[in-house]
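One structure, as C-alpha cells, below. Some questions next.
To keep things simple, chains are lettered A, B, C and D as they appear, and every chain counts its residues starting from 1.
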C-alpha cells in the first residue's frame, strides 16, 4: 500500500505532496473492521460485566440534565460540519464529483469557529478536566486492560460524567481536529477566498507537502473515528446517551447505573460534553455494557 | 552571357526537392548507436554526485560521457557538458545506448544530486542591491588592465527608486561608454526632444534542423557529420575543440537546415558525439530534438534600453543618448549592444551621440549572433520613435529617414570610421516607388469596420562583407571547372552564387562548372564564416582572385603549348585562344599537369592561408589550379541596407494585427542573383515579423524555468502570419570597394521587417509608440482599452 | 551544372573511398536496419500481451514492405530508421513544424505524430515516392525547381507533400487557399513568398498534366 | 529525476474494431489510455509524463466515424476527423459555427488526423501543468500558474478554482452554443450530457476537463435542430494564425426577427477551465435589437466578475468585445 505521495518539483527534486488515497480505503476498512469485530465480540464472546450496585440516590430527579441545549446545539453543529468536511473531502476521491472546495473551506471555518467557541466555553463555563484523561483515568485504563487480558469479568466502574472511553475519544478527536484545522487554515492561503487571493508560494513546496500530508493523515484518521463514533451512537446499549444528546436528559436510573454521584456531582456541566457523546474508545472494550 | 545578375538553379536544388539532400541526421553508419543528453532541470546548480550504475547496468547501455571528459574553457567560455549548469536545459552528461528508447530510459535511471545555486533571470534583478548573480564569478565583465575582468556590479537602490518614480529604465554605472560631439549642445539645438524606455525580447533561433550530429572513428581519424553554416571554419573549430589536427578530422556538412547565426562554425555539442563515439568505439548518432534545440540552439540577446533623441524642425537629428542593458545568457560575450550603438550612429548621423551600455550574465540559454545581431533589435526599437518625431514635426516619414541617412563618407561609431558605400537614399527611393509610399500613405488611419490600417517604414543597416580569404579552383582534364567552396550551404545559395565570379571571369557556362562543398575531405580553401552577410562579398572576391590567377595560368599554359605571348591569349567559351591557335580547358588541364609547378598546384603562392595550402597540396597534380588570396583593396567598412515598407490592419476590438502588404528594398551593391536576393529580403523580413509580433521568451521568475521551449510557445511566424504576396526592389549600385560590386544581404532585412511592422502598428495606433517588442495582441489591446499592460515595461522575460 | 551531378551521393575525389567505407547510403541499409533502431526497446516493460503483430506490412510509395515495429513507434521513425527514407525530416517531432509531412491515402499527415501501426492498411507516400522511375519529377517538384526552390530546404519535403495534397484536392487554388493549405508547415528561413509562388506554379503544372 | 523528452515509453497497443471491443479492453486492463487522433496524447507520451501501460487506438472503430442526419439534427461520431467536420455540407449549411471552429483548429495536417472527440476532450495547455510540474491538476498541492508571480498570460480570467488553466477546445464553444449533447458509453451503458455539462471545472474535478472517467468513451455528438440556420458568429483570437490556441473565442447562435433578437445561445472559451455558456447574456439580449449598444451591454455582463491574473487582464476586454461582436452581428 502506498502511504505517502511524492512528486518531482519543478527542479526535479522529489518532494512530498500528500497522502496516498490508498490510506482512505485503509481507514474506512479499519473503521468497518472495528465495527464488525466489536459487534461480533460483544455478541459472541464478551464477558458479562456485573452491574455495579447503585448507591443511594436521595435527591436525584426523574430526569437528570446531561447536556444543556447550548451544548447539544454545539455538538450537532459540529457533527454536521465534520460530516460536511469529510464528505466534501472524500467523496470526490471515491469518484463522486461535485464542487466541493468552497463548501469544504467554509465548513472548515465553521468548525474552527465552533471549536474556538468550545474552548472558550469549556475553559470559562465548564469543568475543563472532566473530559480529559488524568492519572486516575490512566490507572483505570490499565486496570481495565489488565482485566481484559486476564479475561476477568470486569466490574463496570461507575464513572464521573464522562467515562474513560469518552475521555480518550475526546482527546484523540481533539488532537486530530487540531491537526486538520491548523493545516487547513494554512491551506486556505492556497485558495482564493473572499478575503485574499491565493498565494501558493506562501510556503515552500516541501513545507506544503508536509502540510498536505498532515491534513490528509488527520482527515483519514477522522474517517475511522467517525465511523466508530456513529457505530456506538446507534448501538442499543448506548442509545440512552444518544438520546441524551438529542433531548438533553437521562433518566434517574441511567444516572445511577452509569455514574458515580461523587464523581459527577449534579449541578455542574463538565467540558467536552458536546464532543464525547455516544462513543467508546476502540481500545477499551471494557467500557462496553451489553444490553 | 555573364552569370552574375541572372537567376540560376542552385546545384543542390534537385536533391532538396527529391529528399535526397542529406542533412546530418540522415547519415547512417554500420553499428550506429544513439546518444541522449541529461539536461539540467535547474537554472544554476552544482553537480554533487552522479550515480549512473543503474543506467549502465541496463541492457544495451554502452557508456556515458561526463563534463571532465570534454574541453572545459575558461570563463566565460562554454563547455559542451558541465558540472555547474547555468541554465535550465544545459547538458550535464551524455549517454549512449543501442537504441534511443533505451538511451532515454537509461537517462531516467541516472541518479544525480544537484545543489541549487543562486540564479538571475532578468538582468535588472542582478543589478539590484543584494541581487543574485548568474555566475559565481560575477554578473558583468569590464575591460580592465588585463583584458575583460569579472565584476559583481550592483547599482544603488536610489537609482531603482528614481527610475520607478520617473517610469524609465534604471541607469546606473555602465561598463561600456563612448561618445562624440557635444551632446548638451545638440539637445539645446533641438526643436523636439523625445525620451523613452524601450524593451526588446530575447528569441531563440530555432532553425528547422536541430543540431543533430553523427560521428565515428576509423584509423585514428574522426568522421563527423553535422550541420553548420560554414564548413571550412567549422572543420577548423571542431578540430581545435577535439584537440585534433585538421587532417585527423573529416567533417561533412553538405546541407544546413538553417542556422541564422546559431551554427556559424563549431557547435559545442558535436564534441560530445565525437568523444562518445571514441569512448565506446561505435558510431554515435546524437539526435537533438526541438526541446533540446531550444536550450542549446542559441538565442538573440534581449535589450532593456533608454534613449533620448533631439530633432531640429527640419527633421535633422541633432543628438542621441542611448543606454542599453543587454541580457546575455551565461556564456561568452555577445557584442550586440555595442553594435546597436554603432548602428544607431550610422543610420541617424547625429551631430553628437553618447552610448552607454553593459551586458549582464543571466541564467538563460546562451546567446549568439542572430541575423543582424544588435542591429535587428535597435532599429525595431528606434524607428517608431523617429516616426513619432516626424509626426510631431510634420515631416514625411520616409523623408526624415532620407534627411538623416549617411552618405559614402559619413563617419560613425566610436572610431569614426566610414563605409565603403551607402546608397541608402537610392534604396529608399527604389522601395518607396515599388511600394507606392505616396499612395499607400493615404491608407494610414483608414478604418474598415473595427479595423484600422497602419503604414510603416523601417530602415535597417548591417555589416555586409569582409575580405582577405582564399579562392581555390581546379580545371580537371574533364574540362570542368571545380570551384572549391569552404563556405557552408545554408540556403542563401551563396555557395553557388559566389562561384559565379570565377565562372564569369573564365567565361564559362554554368554547366561547365562544378561546385565542391560541404565535406572537408574534398579540400576547401580558407573561407569566411557564412555569417554576418560576409560571403557574397568575401567569396566573390576570393573566387575572382583565384579566377584571375587561373586565367593567367591558362594564358601561360596556352602560350607555352601554342607559342606567342601569354597576354595575347583570350579566355572564353571553355577555350583559351590566341595567335598560336586554341586549346580547350580540358587540354589546358592536361598540359598544366604535365608542366607542374604553380600550374598544377605543386608550387603555391606565399600569402595564402595554411589551410588553403593544405587543401591545394592535396589537389596538386590533378589539373590546372587557380589559387589566390583576396588582396583587393577594401577601404572602409562594408554595410548593406534594407528599407522595409509595411501595411498592417489592426483590429481595435481584439488587438489582432495582420500584415497585409510588404516591400523590402536593398542597397546591397550589384545584384548577383535576383531571386535569391528576393528570398533573402523576404525571408529576413519574415523573421523580423516574428520578432515584432509574436516570438518571445517566458520564464517563471521563481524557478527560473523557461516555457517558450516548444515552437507553438515560441511562436515563429507561419505562412498565414505574413502577407500573401510580398515585393522587393534594389538600388543595384555597385560597391566601389569590391571588384564584383556585391555586398551581403542576409542581415539587414530582419530589422527592416521588424521595424516596418512596429512602425506600422504605431501608425495604426495614431502614432502611439508602445516601446515594447514584441507587440503581441495583449499588449496592443491593453493600450487600446487603456488598461494596465500585462507586464512592467522593463520586464524582459514575461 | 546538370542536375545529375547534384544527386551523386559524394563529390568526386580520392577520398570517396573513405567516405563510402564509413557511411552507408541511406537506401542500402534497410535490410540490416534492426541493429540501428531496435524493434523493441530493451528496457520495455515485461508483460507482452499479443495485442498487435510485431511484423507488419506497410505500403510505402507503392511498394509493400515488411517491417518490425514497436507499438509506440511513430511513422516518421519507421520511415527514417527502418526503411531508410530519410527525405521525411524531423524538425520538431511534435506535429508543429510539418517537416515530416507525408501522405496517407493521399491526405497529409504529420508522420512524427502517428503510430506506424495506424497506417497498416493504408498507402503512404513520402517525398521519395514523387519522382517517377525514369527520373521525371512530380509537377510540384518541377514547379519548386522552376521557382528557385527553398532556402535551407529542411522544410522542403514537408511543404512539397502539402503542395501535392493541395494540388490533388483543389486543382485551382487561390493564393489564399494555398497559404491555408500550407499553414501546417513552418519555414524558418521565412521563404513563404517563394513557397507560395512555387505552389501556385505547381497547381498550374498539375492542371496542365491532367 | 532527469527530464527527458521525445522517446515514448513502451506501451501495449490495442486497435479494436468496435466500441464493445474497445470498452472490453479498457475494462480488462489498468492504466489505460484511449487514443483518438493522438496529437494531444503523443505529446504526453513523448514528454514521458503520462505513461499508460495499454493504449487503445480507436482509428479502426468505424461506428465512431461519420456524420449522419438524425431527426432534425445531426449525429457526429467522435472519431470523425476535424477535416470532415469542417468540410461536411450538412454541418456547413446548418451549423456553420461548428464547421468554422473545426476549420480553425491548429493546421491542415492536424485537422486531417485530429478528431472531433479528441479536440473536445483535449487536456489543457497550461504550460506549468504540461511541463510536468506537480501542480494541483497533476495531483500536487500548488497551482504554479496562479501565484502572484506566475506567467499566466494564456490562463483563466474566470471560473478559477485552485487551478487557473483554460479549456482549449475550439469546437467546445461551438457545440455549447449549438446546444449539442455528448453521448458517453461505458460497460454500464450510455449516458447523455448537455455539452455545457460535459466539461467540468477544477471545482468539481481538478484532474479532469470533462465528465469522462477511465473506461468511458465519448462516442457521438448529437446536434439538435434547434439552432439550425440561425445567425452564427464564431471568432477565435490567437497569436499566430495557425497552430495556436485561442486567447479567447466566442461562439454564438442567434435567431433574429425584424432586427430584434428572438433567442440566443452564446459561449466563450479560452477564458475559463471550461467553455462558459453565457445564460445571463442570452436572457439580457432577448428582445433587444442586434446592435452595438446591445452588444456592449452583453459584453459587459458577460465579463462581470472576471478575475484576471497578473498577466491576463487583456482577456477581459477581449472576451467582452468578442461577445459584443457576436451580439452586434458583425460579419464573421
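The criterion applied here is as follows: a residue touches a chain if its C-beta (ideal position, glycine included) is under 8 Å from a C-beta of that chain, and two chains touch if they have at least 3 such contacts.
Keep in mind the model is a prediction, meaning the values are calculated, not measured.
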Quick note, more Cb pairs in contact for C-D or B-C? It is B-C
Nearest whole angstrom, what separates the Cα centre of chain C from the Cα centre of chain D? 32
Any idea how many Å lie between the Cα centroids of chain B and chain C? 29
Distance from chain B to chain A - Cα centre to Cα centre, in angstrom: 72
Could you put a whole-Å number on the gap between the CA centroids of chain A and chain C? 69
Expected list for chain B, residues touching two or more other chains, is 41, 100-101, 105, 289-290, 700, 702-703, 705, 711-712, 717-720
Contacts with two or more other chains occur in chain D at residues 1-3, 6, 8-10, 131, 144, 147, 149, 241-243
Two or more other chains touching the same residue: where does that happen in chain C? 41, 43-44, 70, 93-94, 96, 180, 183, 185
Quick one: do these chains touch in a line, a ring, a star, all-to-all (complete), or other? other
Pull out all the chain pairs that touch, please. A-B, A-D, B-C, B-D, C-D
In the complex formed with chain C, which residues of chain D make contact? 6, 8-15, 35, 38-39, 42-43, 45-46, 53-55, 57, 59, 83, 106-110, 112-113, 241-243
How about chain A: which of its residues touch chain B in the complex? 10-12, 201
In the complex, chain B residues that touch chain A: 41-42, 45, 114, 116, 700, 702-703, 705
Going by the contact rule at the top, pick out the chain D residues touching chain B in the complex. 1-10, 48, 127-128, 131, 144, 147, 149-151, 153, 235, 237-244, 247, 310-318, 321-322, 324-325, 330
So in the complex, which bits of chain C are touching chain B? 1-3, 5-7, 9-11, 13, 15, 18-19, 21-24, 26, 29, 32, 35-38, 41-44, 70, 80, 84-94, 96-97, 99, 126-128, 130-131, 137, 141, 144-145, 147-157, 160, 175-176, 179-180, 182-183, 185-196
